[in-house]
Amino acid sequence: MINKVVKNADEAIKDIPDNSVLMLGGFGLCGIPENCIAAILRSGVKGLTCISNNAGVDDFGIGLMLKTRQVKKMISSYVGENGEFERQLLSGELEVELIPQGTLAERIRAGGAGIPAFFTPAGVGTEVANGKEAREFDGKMYLMETWLRADFSIVKAWKGDTSGNLVYRGTARNFNPLMASAGTITIAEVEELVPVGELDPNAIHTPGIYVHRIFQGSNYEKRIEQRTVRK
Amino acid sequence: MLDKIGIAKRIAQEVKDGMYINLGIGIPTLVANYIPKNMNVVLQSENGLLGIGPFPTEESIDPDLINAGKQTITMMPGSALFNSAESFAMIRSGKVDLTILGAMEVSELGDIANWKVPGKMVKGMGGAMDLVASAKNIIVAMQHCSKEGASKLLRKCTLPLTGLRCVKRIVSDLAVLDVLPLGGFRLLERAPGVTVDEIKNATEGKLIIDGEIPEMVII
Amino acid sequence: MINKVVKNADEAIKDIPDNSVLMLGGFGLCGIPENCIAAILRSGVKGLTCISNNAGVDDFGIGLMLKTRQVKKMISSYVGENGEFERQLLSGELEVELIPQGTLAERIRAGGAGIPAFFTPAGVGTEVANGKEAREFDGKMYLMETWLRADFSIVKAWKGDTSGNLVYRGTARNFNPLMASAGTITIAEVEELVPVGELDPNAIHTPGIYVHRIFQGSNYEKRIEQRTVRK
Amino acid sequence: MLDKIGIAKRIAQEVKDGMYINLGIGIPTLVANYIPKNMNVVLQSENGLLGIGPFPTEESIDPDLINAGKQTITMMPGSALFNSAESFAMIRSGKVDLTILGAMEVSELGDIANWKVPGKMVKGMGGAMDLVASAKNIIVAMQHCSKEGASKLLRKCTLPLTGLRCVKRIVSDLAVLDVLPLGGFRLLERAPGVTVDEIKNATEGKLIIDGEIPEMVII
């Protein structure tokens, strides 16, 4: 098997140039690549276009990259929960493209599957349809949507092996496997890096072929956005 | 008139044994609390889970397990986890039997607006556009009128749309209504203590009243 | 959870009417629904359109259904290894539609994902392109292909639980999970049926929502087409 | 002139450390035997496996583990299993670095025909059309001429095509040739004992001979 291990997050992201298109895994703060985000903050890389379902919160996740003005554009389905985001958006410092969540997921999946375009019903008759080809199939209207790909995809998994095979945990899976498949360079940070042969081949979520760099992260905070308990 | 819990309880009566259900944020999430215990239903969370369980105890909180509202949750025995593309695959292909979500406005043709108010900060549509464009059966939980008393059941939506001709039924604080295929809100039930005239006055869109309208039974 | 257990293959397939469109999982003879195929032979249902990557061999798999003339049309990517098939095809008794394997897989996946059409590069410039819309994206040509769905999808898994969650084994996975998602009614036969809660939610290949009927099969022959051993 | 094993050995020299490779049925399958042991490469099987290992022993045969040629196989440590859509997803998105397959004909523009002979029973294209339409790097293993002596490296293919302008390199029993982007077979190496004239006579398409042509080294 091919060894894809790099030392740490700083090494993994060091060649990301200004104005790159990044995909960052996670839903809310669940399953986000905390170590790589911290390394991106340290690197000072600028002008980033970030494709991520959400934009973090003021002081965590992608929110931190917004604070340092490293992000030029966000492509997301939902960007609430972030005051700095709102300020930059209203002041025109930040561009935002909002995409229905299922369309976002499918466009990324298409990017990783070599499918340049597909038809989906989401957004028909809404402003999302503006400028898009609409077509009827079997009596229902659909919009044509195109693939999304990234210069660098940055994902977080639970376990990974040295050849890049990944296993996610719980709902921290979300967009991570899709994004892993759609990056020109895919960087995976994992909670536990194991030797080749330790993961069950039958239970791998992201085959190693999609992953170019992998490292074991540290100090995961895994912040909870809405701590909700039973009464 | 129903409060939020009343609306949730009334919607819970729409749930049938064996259904797969997606619950939106807000009142729809409350519906889960009132589904009869003897019913086998499975709750889908569009961030990648079939089989949402109750909220966790303080000790069992797991940051890797949240619902689409980002709340910590648990899993039922027999749950399945999957990625976001698979999640919307099952939504788009009609495998989710019932979608319950909130709305700012619904038109008499079943158009729904629930994601954007011009002039206010736009947070995004999340999964709502995919859900309303795909679901076989959509029930909306909403207030019949705005705080200022303006009807939200309209001839035509004034806010940017989330989806076209998709809402099948509405449970508001005042009434249960069906949206007819050719247009119009057919009044099915009145909320406790609410008269037909009050509902008429609160409904801007075409209201269809056919015979005696029973008062709903909420237990 | 919802209980989807039926008694056996005969009960699972008993309401398949003549002239139905079926999907049958498997690649070669690997991962085919042996029990349901046997039940279909017993049922005598006729005029079937079968979507399956292959058509079995003369005396096993879908080959058996060909022998009994229950199949009107095969939709496959490769149909070699079957003399009876060849005879019926040349005599005009059997219709065949050949589809590139990746396109077949993606069309079935699209059927299960509510995507009515998509673009793929396979077949550009070949007879597969006849009658199809071709379009350029980013300087490369693609063909538009449409979804495939079935009245009944019949799949074979390794383990399943009573609510229909499925886990496949080895390369017996192949088309099975895709077909499971694309059936109006999906029937799953499994080698081992377990109570709800026994399968790891993180390692399920087909979530139960796609499966309508499930039963534990018996007497799996698992015939090998090309027994090849190390020298 | 090379026999099948010679062709496989010569193609094995094209393999680079770290490659993901899809091997077609026939001669391409043999290539696996001649990849240097110190190279880390991963073999993809389009029926759903990354990490094909050697054929099994009689005792370790597993009917649930086959390659795309339906042969029983084993898995290498670090393998991953997946479904057929995922398999072709990685093929179409260019993650497979090298595809090696057989051909009946190749044109000087890189068109390939390898799935259908009119008048003969058509068995199907399997995954070949997807592979040739997607792969970044395609090497063809083939006989230079038919049994009757007719060239199979043509100006234009006569058989129904599998894919357009996709073949990058050919290793035949007579020669190694590159297909140039603007058309033409550039002769790179001669098989042991084969003369340039013999290759000229066996090549109907435009043959480009630039300087001295070395004899290939097969170990």
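By written order: A, B, C and D. Residues from 1 in each chain.
Definition applied: a contact is a pair of C-beta atoms (placed from the backbone, for glycine too) under 8 Å apart; a residue touches a chain by one contact, two chains touch by 3 or more.
Only a predicted model underlies this, so the values are computations on that prediction, with no experimental measurement involved.
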Both-way neighbours, i.e. chains that touch subunit B and touch subunit A: C
Pair sharing more residue contacts (C-beta pairs) when C-D is set against A-D: C-D
Averaged-CA centre spacing for the pair subunit C and subunit A, given as whole angstrom: 33
Inter-chain centre distance, subunit C versus subunit D - centres from mean C-alpha coordinates, in Å: 29
Subunit B-subunit D separation of Cα centroids, rounded to whole Å: 56
Approximate Å spacing (C-alpha centroids) for the pair subunit A, subunit D: 36
For subunit C, residues contacting two or more additional chains: 106, 109, 113-115, 120-121, 169-170, 202
Junction residues of subunit D - those touching two or more other chains: 49, 81-82, 85, 88-89, 91-92, 134
List of subunit A residues in touch with subunit C within their complex: 106, 110, 113-121, 135, 137-138, 140, 142, 146, 167-170, 200, 202-203
Partner subunit D, residues of subunit C touching it in the complex: 27-31, 53, 76-80, 86, 89-90, 98, 100-106, 108-109, 120-128, 158, 169-178, 205, 222-230
In the complex, subunit D residues that touch subunit A: 18, 20, 40-42, 44, 49-51, 75-82, 85-86, 88-96, 134
Residue numbers on subunit C that touch subunit B, as the complex places them: 1-3, 109, 111-115, 161-163, 165, 181-182, 196-197, 199, 201-202, 204, 207-210
Residues of subunit B touching subunit A in the complex: 45-49, 54-58, 61-73, 81-85, 87-89, 91-92, 111, 121-131, 133-134, 160-165
